[in-house]
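Shared between the two complexes below is chain A, which has chain B as its partner in the first and chain C in the second.
Moving on, here comes the complex of A and B:
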């Protein structure tokens, strides 16, 4: 798959079909990759595909000028489609290099299972349904369900539907909806007072680095509401109440755009379980509007139009 | 004379210190590793602690802080000065990189303007350092002249020597503290040799290297190399992780909040990574991302050395470890062109 990607990417640049290639290259730490944004065909030799291609590269599309060849997993391809729906990206300007993705490995889960930090592990390899971790000369085997990201466990579109070049065999949707929603279900079992307390605790850690917003392709506003001063919607200080309003408002703004790529939660440096908000919103959007973000580039964006037969019982 | 204490007596030691100080120690109770008020019993951090995610600067320059309150009465404002918190603090377990970061921050906060908020906390705080036995892969402190297990920037320095910690008295305040602390034993020659060995081992475990030789001049020469900086900045998403969680970054924003007739002035962490940071009514000199990335790198490795003769980076590696796109400052600094581009 990697060889094919490198050839295709190089060809796109050589034949002047794109100005930029956006993909992944090996990162500077173990088990990381890093975005490669280049117009130099020699750089395409460094492109990789592995279980650590975490970033949703669609995030870079709106700021990259010119035609772009972009590596996209299923969720990323949905973000691209969503950007097309919102007229943020012109379909003809992107060449989607689709990667059928069997799920990404959540290093935090591996750390939990091995009681080691990621840099203390020697090797992590995916072998079919298993993930083999080598640590201190020992081999530990885990079912992939134990170590994939929560959002990957219930991935509805592992293989991009919208693509120009598909780099591998299609993969069926991931079925593990229950395991994927474990954290959200636990929250739902709390009383409202307990849940309120839980979010107060979680959001009191927020330092307003805005990584959740900045890694999110759906957060494409030129000027975010948090930066408005007249009127000032929330205080710039990281007080939990203001942090809460920030997250709730962001969540509403990305409703119908969020593709459950999980990047907001992974990027958060202080471990706020943000996906518990975004996935819940994703499910509500599906239930009330029968809308799945980023599936069909011809579909109108959910939040910018109204249909008469739409449910009106959404105030609950 | 160096001292030592048995590891199993650490809880006892912290309890004794809690009588005189608000003791802060590494904690994950709030869901992220940080220095937090010690709960009076838990010393499990001795097993898991490598470094905190939130740097100890947060105890001196908190993410948000009330500066003073004010009231409005018949069109006139009256100001209520901040309550003086004279509470003495002791931070247990600070790493040498973070202790050096405090010394670097001091230079700014006690420069021409003496910052009372920062300095009052700083002067009331004792730092008890704990040598790093297991540095992260992202750590590069040795390239900045810092040893992971030695420090001149703390009051006491502890080194793991098996079942004991070896204790060095670094400052007079540290000496005074040990004199008043019971339960410490005198260290002998063997302990000293053990400590030396532990320090050497730790030093050699820091494998990430950065050549800082001439970096200031290289940055100066490449300041206008837009192509270089554009490339260096391409994958940055302009979030604030690397700055807000940097132990030497100190930028803050100030905001007033008025509700009815009462309010307060707050200051809170800010980041040069945000484009809002430099926005002015008519223009923004750092609207483009590459200018902000350049600012961040140059402030640490060029401007701070010009002003204070020290690089404002301690190689703690947080910015590398925590970055969502693995933007790596060591890689960027390695690739700064040696010469200015012709014609620029």
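Moving on, here comes the complex of A and C:
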């Protein structure tokens, strides 16, 4: 798959079909990758595909000018489709190199299972349905649903629906909503006040670095409401009240665009379980408006559209 | 305890210029009685109401927010109220999930001829807010002391001031 990607990427640049290639190259730390954005065809040799291609590269589409060849997992392809719906990206200007993705490996979960730091692990490989971790000469096997990211467990689209070149065999979707929604279910069992308290505790840690906003392909506003000064909606100082308003509003803004790619939670430096917010909004939108983001590029964006009769029950 | 007896909910109403605001006007001119707990902001259309307005109002200490506009199909701008409906719907559901009492976010359709309905809506909403108690969602330690009936124990929470 990697070889094919490198060939295709090189060919795209050589034939001048694209100006830019956006993909992944190995990161400076173990088991990491970093986005590679290049116009140099020699760089395509560095492109990789592995279970650690975390970033949602669709985020860079709105920032690159010209035609772009982009490596996209299922969730990334949904984000790209969502950007096309919003007229942020022209379909013809993008060459989607689709990667069928069986799920990304959450290093925190591996660390938890092996009780080792990620630097001490020697190798993590995927073998069919199992994930094999080599540590200190020993081999440990885990079922993939033990070590995949929560959002990957609920993945509805492992193989991109919208692509120009598919780099592997399609993978059938097998969403395991129950396993991926454990945190949300636990929260829903609490009383409202306890739930609010738990968010208050979580958001008290927020340092307002805006990593969640910056990695999010759906957060594409030129100017974010948090930086407005007239009126100043929330104080720039990270207090939990304002942090919470920031997160609530961010989630409302990306409703119908969020594809549950889980990037915000992964990017959070203080481990706030942001996916418990985004996934709930994803479910609310699905339930109220039967809307699934990023599935159909012809569909109208959620908030620009309406039905005559819907969501009427709470109106007096 | 005295504090609780004196406490009156503060309700912020976003009323659309074409229907609900005129409806409120009619309620006044036809001398309908309704609680004075509502503070009204006139908006050009219910579609103008950004979910951020609702959050900001709760953050500033309003006990509840009422978004009111023209009935579906009667919007002066054709579609504004339909859009408002989607926005308020997701906002309300999401805030409920986070743990804000659903009674605090209210919406209604009130036309310019429905002065009576406006009075009714405000009465009902105010009554609902009285039952829920003061808005402490953005104050520190909301849970503290509210162990008997979490989320709606106004006595315990009123003590915190």
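Some points to look at:
Throughout what follows, the second predicted complex is superposed on the first by the 309 of 316 C-alpha atoms of A that agree within 3 Å, B and C clash if a C-alpha of one lies under 4 Å from a C-alpha of the other, contacts with A are read in each partner's own complex, and residues count from 1 in each chain.
The rule we apply is simple: a residue touches a chain if its C-beta (ideal position, glycine included) is under 8 Å from a C-beta of that chain, and two chains touch if they have at least 3 such contacts.
None of these values were measured; they are calculated from a predicted model.
Touch criterion met: A:302 reaches chain C, while chain B stays clear of it. After overlaying the two complexes on the shared chain, residue contacts for A:210 are found with chain B alone; chain C is out of touch. When the two complexes are overlaid on their common chain A, residue A:221 makes contact with neither chain B nor chain C. When both complexes are overlaid on chain A, the residue A:192 reaches chain C alone and has no touch with chain B.
Contacts of A:117 after superposition on the shared chain: chain B is touched, whereas chain C is not. In the superposed model, A:90 lies in contact with neither chain B nor chain C. Legend: residue contacts after superposition of the two complexes on their common chain; A:177 is shown touching neither chain B nor chain C. By the touch criterion defined above, A:132 reaches neither chain B nor chain C. By the touch criterion defined above, A:30 reaches chain B but does not reach chain C. Comparing the two complexes, no residue of chain A contacts chain B in one case and chain C in the other.
Those residues of chain A that touch chain C in the complex are listed here as 187-188, 190-197, 199-200, 225, 233, 241, 244-245, 248-249, 251-252, 255, 277, 280-281, 284-285, 288-289, 302-304, 306-312, 314-316. Interface of chain A with chain B (complex): residues 27-30, 32-37, 54-55, 59-60, 63, 117, 119, 201-202, 204-205, 207-211, 213-215, 227, 235-239, 263, 266-267, 269-272. Interface residues of chain B facing chain A in the complex, by the touch rule stated above, are 30-32, 50, 53-54, 63-64, 136-138, 234-235, 237-241, 244-245, 253, 255, 257, 266, 268-269, 271, 274, 276, 289, 320-322, 324-328, 330-331. Of all residues in chain C, only 51-52, 55-56, 59, 72-73, 79, 82-83, 85-87, 89-102, 106-109, 121, 124-125, 137-138, 142-143, 146, 150-151 touch chain A in the complex they form.
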